[in-house]
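What follows is a set of structures to go through.
Each of the next two complexes has chain A plus one more chain, namely chain B in the first and chain C in the second.
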Partner chain A sequence: MRRQSTYRLAALGGLVANVTFGLLKVALLLSAVEAGGGELAGYDPATMAAYIWISQGLLGSVNLHGRSEIADRIKTGDVAVDFLRPLDVQLAAITTETGRAVFSLLPRGLPSVLLGAIVVDMATPDSLLSYPLGATSLLLGIVVSAATAYLVAASGFWLVETRGVAILYMVASGFLAGLFVPIRLFPDWLHAVATATPFPSMLIYPVDILSGRVEGAAAVSLVLLQLLWLAVVLGTGQLMTRSGRRRLEVQGG
Partner chain B sequence: MSEPIIETDGLGRDFSVRDGWRRTRLTAVDSLTVRVDAGEAVGYIGANGAGKSTTIKMLTGILVPTRGSARTCGLRPVADRRRLAREVGVVFGQRSQLWWDLPVADSFRILAAIHALSTDAERARTDELVERLELADFLRTPVRQLSLGQRMRVEVAAALLHSPRLVILDEPTIGLDVLSKQRLREFLVAERAAHGTTLLLTTHDMGDVERLCDRILLVDRGQLVYDGTLHGLSRTVGAERVLVVDLAASTPDLDQVPGTRHLGSEGGGLRQRLAFDPDQVTAARVLAAVSERAEVLDLAVEEPDVEDVVRRVYAARR
Partner chain C sequence: MVDRTAERSRTLTDQLPRGRTAPYRAVLGARMRAQRSYRGNFVLDLASSLLVGLVELAEVWVLFAAVDRLGGLDFTAILLVFGLADLAFSLADLAFGHCDTLPTYLRAGTLDVFYLRPQPLLLQLITSDISLRRLARAAVGLGALTAGLVVNDIAWSPAAVLLLALATLSGVATFAAMFVWAAGVQFFLVEGSEATNAFVYGGRYAASQPASVWGRPLTVLFGFFFPMAFTAYLPVVTLLELPGSELLPGWAGWCAPAAAVWAWCLAAFSWRIGVRHYQGAGG
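After this line comes the complex of A and B, so read on.
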């Protein structure tokens, strides 16, 4: 926590950026809903507003840029120090990233949602169950994103420089996680592509549950889907770490 | 016979190096067979690129060897990496294991949690290290604001927090001033005396070797070329010892003392330096011969300069 609270000005800058782009999305997407006759792919103005402000609020927590501390550590060779600790390097990296992300909810997530609630009408879930379910889904989203960004970092065991992979990840994740528009608005084939990746689990699923657009059994099945994706990316990461260690050369002497 | 804490058999590692489009194999460590017993203090020395750091990384399970095998603290380094991490403390002179933005005390607390130390053990050990390494003044300072000398002391404390049986130091005194080096060495000597810790250190600083190590492993281009005491190393290259005498009165150059070579005189012959080969003539005999010629007030015997010895070993192999 202390590590993250060190740079307060950076947190403020991030918030300002989130809010600015949130207002932009409000203007665009709400007029799209209006043009659709007050409803668009199951979103009315209130759920759309909730989607916008919750997804903006998650930007500081859900990793949609593919960069991570562990990627830098592999590149510089500092990962050698990580291997000297009685810890699983993959899990240590993911939990560290998750801790940072959960903390970011305070300076960047909450204010964004509060501001959104003041500016426009936001939908809230009808069912009380949606709150604990939404919180679980949110946490899972953060962990899935950290575990997937770890895969980008682990490719560094082979590539050393992972900036190219991170950029690819950034382009794909923002789009397929539903950051720009909800994936329900995609044409069917693109929606199918998106659901075949872990990206929707990071953002749009928790947002749909927290906004009340998806409730009950459908919400539970989204959480289960997230768990499935978490298992897939964690397993892949474990395999990559194991075979990566054989390749590890520890950069920088 | 005490138990081996490091045991390697034909241990080696190659790297593939890209040179334009071609890939060539480079042997960092050729074939290392060595045994270090618990409680020893071993200096692992050699030029840059001799394979010292690669060996350390294989012994601690960071790097996977290309050939041969290693046992550290009775464990297989790669397969038992996490268990081994509890037995070994490593200081990399050029890498930090601390948290840049956190105060020193917080870094210690995190490391204690990582190693699952009990509250009592954590407190006792932290207090001991803070006192012996004199860290009290900057416990609340974020790591990024420490001077290099302060940070290295904190790094050493961090590596020793879990009371490892084996401490590996990879160039621990690099960049430190004379006083900081001295303090660090004194601490390591005391730590060894108090806990029987085994030390393995790589260094380019021969002061480290002279003051800390009772055994030397010298590597050159991935091969072990010497294993033994510092004194023995000097003898393999025929290095001379030097007798320095302070005389009661100005004396002409003592260039006729049998078995010695006159190196120089100071203060009009008040202090003279004579080199001799310890295998040919004893220090006592040289002193007796000098006393026949002049009244000796004080004397000192200088061991050969280690750096010079290493240079000669390398030169002989080229």
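After this line comes the complex of A and C, so read on.
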């Protein structure tokens, strides 16, 4: 976390970008809600606004680009050193990413949510239970994204250059996680496709809970769904790491 | 043997471009060949740019499928706006997108090298690279634009063709100006390049939206200061003879060239100030 806090100007630049895109999304999506007669797929103006600002705030924390430090280490062969350490390579990579991501919530997440709350009316959950549940879901979302991005990196044991996989990840994650349009607005078949991937767990589920669009038992089941996806991607990552380790060839001495 | 070597070197020099633009053409040609020589990577780049473009189009489609009409436009009309904006942006990106790497040069101190050569700095920066993969994006834009022109009910006339041509050219010029403007500001920001990206790439996002949904502050920012509404939305409104809004009337599509001129004034000003501010890394 500490090493991220030194780049203040970069953080400010990121905030400017978040807010500009956020304002454009507000204009477009709120007029879409208006065109839908004040409600669109369960979103009213306030929950839509909350969706936009919370998801903008999460941009710096949730990995929607597929790049990671460990990917470079696998490509260069530095990962051989990591295998010598008494740490699990996969878990170490994911916890490092998560630390970075949780820190980003401070300079990027909070200000964009606060600015959003000032500019437009934002919905807040009615039940108090939604707050701890939302926070849990948020953290789970970050970990799921880090664990899925790790899969991209681990494909490097076989491919070496993972840029192509990372681009595929980027394209799929932004769209299916509901970054530009909430996945509830998708046509049914596309919504089904999205829910069959881990991507909604990263962004739209936590946002739906934090904005109060989903409450009570439905919210709990979203968190359980996130846990399920976390188990799936962690398990896959562990398998890939084990067989990748046997594939790994490092040159030089 | 000697003769043959001399002959070969003569044919080599014959192949090199001549004239004042020769150095630029030589560098650009080499860059293009270099990109194509890693064939696998190049195909991947093209395919991924194509995919990104298609997914962005899908995002627009999802939204318009959910509500039918947005800001006075239906999906067929927004297809034109998206196509025009995307085509213009990716053509500008093809040539000027490389300005984005200025912060890297500034940090590494390699910009000084450009100063050693007897050519204008900006021209060198632009021609130092060209990204052929942006052609895939341009193809998505062109596809959307063509589809939009076919499905919309357009009163074809010489004026309509002129409007379309003017809009495309001005759009490319406007987006190119945005890249140069951002590069000028980079001399001050260096680490904060994301701030200018907000307006360059945010501007591209803005350009593909119906500008009529914006509130007053956004209209001032992306309608006039950075004239994004003039790159696609307004020309389409004029072409389809739709009613505009109070601040952005229906005939304003004809003002696209004026918007491009304004954007270039902004760019020239920013670039000049930036270059004056720059003080080398020494060494």
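In this text, the second predicted complex is superposed on the first by the 250 of 253 C-alpha atoms of A that agree within 3 Å, B and C clash if a C-alpha of one lies under 4 Å from a C-alpha of the other, contacts with A are read in each partner's own complex, and residues count from 1 in each chain.
Everything that follows uses one rule, which is that contacts are C-beta pairs under 8 Å (C-beta built on N, C-alpha and C of every residue); 3 or more make two chains touch, one makes a residue touch a chain.
None of these values were measured; they are calculated from a predicted model.
Aligning the two structures on chain A places chain B and chain C next to each other without any clash.
Chain centres taken from Cα atoms put the angle at chain A, between chain B and chain C, at 90 degrees to the nearest 10.
By the document's definition of touching, of the two partners only chain B reaches A:87; chain C does not.
In the superposed model, A:78 lies in contact with chain B only, and not with chain C. Contacts of A:163 after superposition: chain C is touched, whereas chain B is not reached. Here chain B and chain C are compared by how many residues of chain A each touches, and C touches more. Look at A:31: by the touch rule set out above, it reaches chain C but stays clear of chain B.
Within the superposed three-chain model, A:185 lies in touch with chain C and out of touch with chain B [touch as defined at top].
Contacts of A:14 after superposition on the shared chain: chain C is touched, whereas chain B is not. Chain B and chain C never share a C-alpha pair closer than 12 Å once the two structures are laid over each other.
Taken together, the two structures place no residue of chain A in contact with chain B in one case and with chain C in the other.
Of all residues in chain A, only 7, 9-10, 12-14, 16-17, 19-21, 23-24, 27-32, 35-36, 40-41, 163-164, 167-168, 170-171, 174-175, 180-181, 185-187, 190 touch chain C in the complex they form. Residues 41, 44, 48, 51-52, 55, 58-59, 62-63, 65-71, 189-199, 202, 205-206, 209-210, 213-215, 217-218, 222 of chain C are the ones touching chain A in the complex. Listed in rising order, the residues of chain B touching chain A in the complex are 15, 53, 57, 60-64, 78, 81-83, 85-86, 88, 90, 92, 94-97, 99, 101-102, 106, 114-115, 142. Residues 2-3, 6, 77-78, 80-81, 83-88, 245-246, 248-250, 252-253 of chain A are the ones that touch chain B when the two sit in their complex.
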